[in-house]
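Multiple structures follow.
In the two complexes below, subunit A is the common chain; its partner is subunit B in one and subunit C in the other.
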Partner chain A sequence: MTESNYDEIMQLLCDRLSSLTNSDTQITPEMNMISQLSIDSIKLLNLIMEIEDTFDVSIPINALTDIQTVRELADLVHKIKSAS
Partner chain B sequence: MSSTITKLNAPLTQAFDFQPSSELQLTPTPTLNTLTQQLAGFDTLTSALEYAAEGITGYNFYDAKGNLRSVLPYSALRQNARIFARRLFGFGLPRGSRVAVIADTSQEFIELFFACRYAGLVPFAMPIPVNLGSHVIYVQQLRGMLESSQASIALANIDYINFLEEAAKETTCIQWVGTPEKLSELPAINIELQPNYPDETAYLQFTSGSTRTPRGVVITERALMCNLQGIVCNGLEIKPDDRSASWLPFYHDMGLVGLVLAPMVTQISVDYLATRDFAIRPLQWLRLISRNRCTVAFSQPFGLKLCTLRVRESDLKELDLSCWRAAGIGAEMIRPETLRNFAEKFASAGFDESAFLPCYGLAESTLAVTFSKIGKGCRSIQVDSKTLIDKRMAVRLQADGRKQNEFVNCGRPLPGHTVKIVDEDDQQLSEMMVGSVLVHGDSVMKGYYNNPEETSKALKSDNWLDTGDIGFLFEGDLFITGRRTDVIIVNGRNIRAQDIEELAEQQPEVRSREASAFGVNDEDGTTTIVLVIECRLTSVTERQSLTTRLQQFVYMAFGVNCVVELVPPHTLPRTSSGKLSRFAARQGYIQRTNLAGQLSFVESGDR
Partner chain C sequence: MNLLEKLDAAAAARKSLLPNGVGAFGIPIEEVFSATEARIGDRRVLLFGTNNYLGLTFAPECIRAAHEAIDKEGTGTTGSRMANGSYFGHRALEREFADFYQCSSGIVFTTGYQANLGTISGLVGPGDTVLIDGDSHASIYDGCILSGADIIRFKHNDMVDMEKRLRRLGDRVESTLIIAEGIYSMLGDQAPLAEIVKLKNAYNCILLLDEAHSLGVLGKTGQGLVEKTGLLKEVDFITGTFSKSLCSIGGFCVSNHPQLEQLRYISHPYIFTASPSPATIASTRAALVLLSKGSDLRKQLWNNCTQLYSQLKETGYLLGPDPGPVISAILDTPQQALQVWQSLLEHNIYVNLILPPAAPEGKSLVRCSVNAAHTPEQIKYVGDTFAKLYKMISSRS
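Right, the complex of A and B next:
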């Protein structure tokens, strides 16, 4: 897995989060998805579906319990993608 | 890379280790059995399984892509459960000791559940974590359940064992924590398995995500068998060619009793999809129903809403839902629009709206209390809003143009059960009068395990169960008009207001009895949680920090966003005994924020 793949993941996350939250604010990797982006469970499911479909991975539900920021989620997706 | 990710290493590689080696060519258990169908009427769970094991039907587990991943005929379940039971005997536990199992949608969970019954132990299902960033709170919730149940053994599969080990660390009763694989390495004791008795506790069902006061409903074999009999004979009229499909979590009463145990006591096959996989792609559930010609499938209204929202028009032509004769709806307030929208969307895929089967129930009455008439669809009545608010009375709409409310008919109580409606002074009300819904019958729980205080709040004299719901009776049928203010339902999840207030009170800035939580609804029925805090902080930064932290905690514990309002001390209304009144707090909030049409008739106050 290369650096460009990581950037691709981060880019997708930022794009999707930006449209899910309907906000004009720039999404940054350090943003907290819970307190700053108000990602509720429905939005989260939408996001996971899009990640899974785009990168052909499966995100295990137990892994999300340690995720709060955009970067942490990107790291997780990258890690799963690299392992597959 | 952060340390959180590194910590996840072990479970992740395990979880992704499996190759798509579907050369195994699994075949699902058939719909038609070789065994004569017996509709419940067993005295215990294990005697029901002994009978079902003589046939060829059973449970089937599908993955997110709709591929069959494992098959567990009742015969294999019996065999595997008995082996696990003999291994459990090695711990030398007294009969009735509690065993905690984290209940993902898996073959192992069902095997362990029955293993406990064969070994005379009392199993209970614990939830899986579903929320972003919920690690710490989830572990606290597990610990709360382990402590409250005084569990001796705790089991989880490889994906969740780390959480469980963490939770068990500071508990006093746990003797052993492990995975099913680890249990399989222990010796099986060669001992005659003893039969169970109707008066013994069959299992506990936890109903709250509280970390301080979890409530484990005690259900006896008798209560369970009684409720199952009512569900399969009177509610569903199960027949030999029935087959179920379910995505409901096994740690929820509707998932466990309704879609694991009820099929087993009628020896019919079930196709399972994990809750997570349904939530992400609801189409997979409908595909299972269509492909395997399933006839019985339940959902909360929220699940139907997800299907209506997320299934694309182009997916409809591959579905044939004409086989679906019992679309059970329960577990939260049913809005007729939700059902209408679903029926409209899926009519072209063969869905027949007369399949809708609204019902009412709660874990404290095992599962079901009332069922509407099978095959009749969703029936509702329209009542005059003004009379409902002013006189707490349901009057059928006489003239057009008046403001009206529509309520769904949830049907009649199961045989041997009685529903009555009472006012604040526990006086029974006549038909059409709105009040608290009370239930009596053999399905009613013994109480909450080890929790006399909560038990005495729920069980009134003569063992009448106060459901906490509000409604009225009309021609013997039950109509639910609302929940009392102590339960908030968001996205299909029941959240106790007390649990949210408890989280708030754990913050150093919040004193006890200075937090009040409740739900407000917008016009399309979406519920928002509001948390009002009496706050002494003056600095803007400190106030913002508290607000953000509270929102984060509520999210991590319950997966929902909430509005936090900080108010000056002594703003929240109290009762004469000094207790906070959520009802009054909610009215106050609504007035402060000028929410139109929200002053509501459905709540009667706090239990």
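Right, the complex of A and C next:
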């Protein structure tokens, strides 16, 4: 998995989170998805399904326990994609 | 934000949805008159928000059995079965559930929630995978979390999506548990069991079906979706609850896999809790007899379900895809759902209000639960009241 793949993951996450929040807020990697972007649990779980389909990977939802920021989610997806 | 401030924030969010102080969640019920009527505040209301599907809460046979059990064995067992022992009734009910499902063994749990928690966390663990429907009940999610297994969701009742996720698991499918429900509690729709079984066999997984809402409701003898579809032998583990059609509290798991018995020694939700009281077990045993012989009750239930579902649909409400005892009107916004729920209560009708994120896909639901004891007049009154409210919400939107 290359750096460009990581950028692709980050870009996808930012785009999707931006549409989920329905605001003009610029999404940045350090943003907290729950406290700053108000992404509720159902929205996050549905986003994970989208990411799974886009990158053809399995992302267990229990792996999300420690994920708070956009960057942490991108790191998790990148790690799983690299191992697949 | 400290721990208590987090709770204050949640309380403020709840209050914003309940401006006049009427609590839709955990509403105080002052008196219960029958399977269909109770008093809330100073109102005598029709109960359309219970899961009393066969209307057996006041069945004389169940009440008598509970009285006799209390007289004979006291009010409680005062401890777990592991430490304090299994009463005759616990063992008898397990045998009766196993026989009812033509299975070799059964286990009784203290609640339906614990039946899923205990079965799932006993069957899978770290390194295993659970593949669950996105609309699964919280007891399934919590059981999966407790197990430590990897949790993968598939889109609700979408078999193409489910197969895609099975395929991605690769070699891990051999330690994968698929979980579905007979009737889903939010929209009242049924799992496509034949297709699930086909995939389960193709990928050589284990299948658990939760018949919580379908027990007593589907199939000739009320076994649930397994009986309606003729697929009883294809499902590895069946769980369910006593708190709906059986009108008490507790849960069960049955299976033909002899390994089920091992759950008694590894499943914390089974081991570390007090066992069901003698009265609970006795009334459940009596209710199971009535349920299995209750084809007339099921016929009445389905007449009632069809009557209300048809009337709401004709009125214009968006409903779940299948008629059944769970009938949810899908509203555009939480405020609209709250308005309908409050207006129904003002018309002396109690139903359930379900708001995001509890409802799937951000929906807001006003959920009715129909039972066999409802009269055609009661159903018509509820349908007519919904129709009146539909005009009100249509004119404001």
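Simple rule for what comes next: the second predicted complex is superposed on the first by the 84 of 84 C-alpha atoms of A that agree within 3 Å, B and C clash if a C-alpha of one lies under 4 Å from a C-alpha of the other, contacts with A are read in each partner's own complex, and residues count from 1 in each chain.
Criterion: a residue touches a chain if its C-beta (ideal position, glycine included) is under 8 Å from a C-beta of that chain, and two chains touch if they have at least 3 such contacts.
All figures in this text were calculated on a predicted structure; none of them were measured in a lab.
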item	value
Partner chain(s) touched by A:S38 [first = subunit B, second = subunit C, both, neither]	first
Partner chain(s) touched by A:N22 [first = subunit B, second = subunit C, both, neither]	neither
In the superposition, subunit B vs subunit C on subunit A residues touched	B
Touching partner for A:D66 - first (subunit B), second (subunit C), both, neither	first
Partner chain in contact with A:D75 - subunit B first, subunit C second, else both or neither	first
First, second, both or neither for A:D56, with subunit B first and subunit C second	second
Which of subunit B and subunit C A:A83 touches, first, second, both or neither	first
Interface residues of subunit A shared between complexes with subunit B and subunit C	40-42, 45, 48-49, 52, 58, 60-63
Subunit C-touching residues of subunit A, taken from the complex the two chains share	40-43, 45-46, 48-49, 52-53, 56-63
For the subunit B and subunit A complex, residues of the former touching the latter	1-2, 4-5, 7-8, 11-13, 15-16, 64, 128-135, 138, 159-160, 163, 276, 279-281, 491, 548, 551-552, 555-556, 559-561
Subunit C to subunit A touching residues, read off their complex	129, 134, 144-145, 148-153, 155, 164-165, 168-169, 356-357, 360-362
Footprint of subunit B on subunit A - complex, ascending	32-35, 38-42, 44-45, 48-49, 52, 58, 60-68, 72, 75-76, 79-80, 83-84
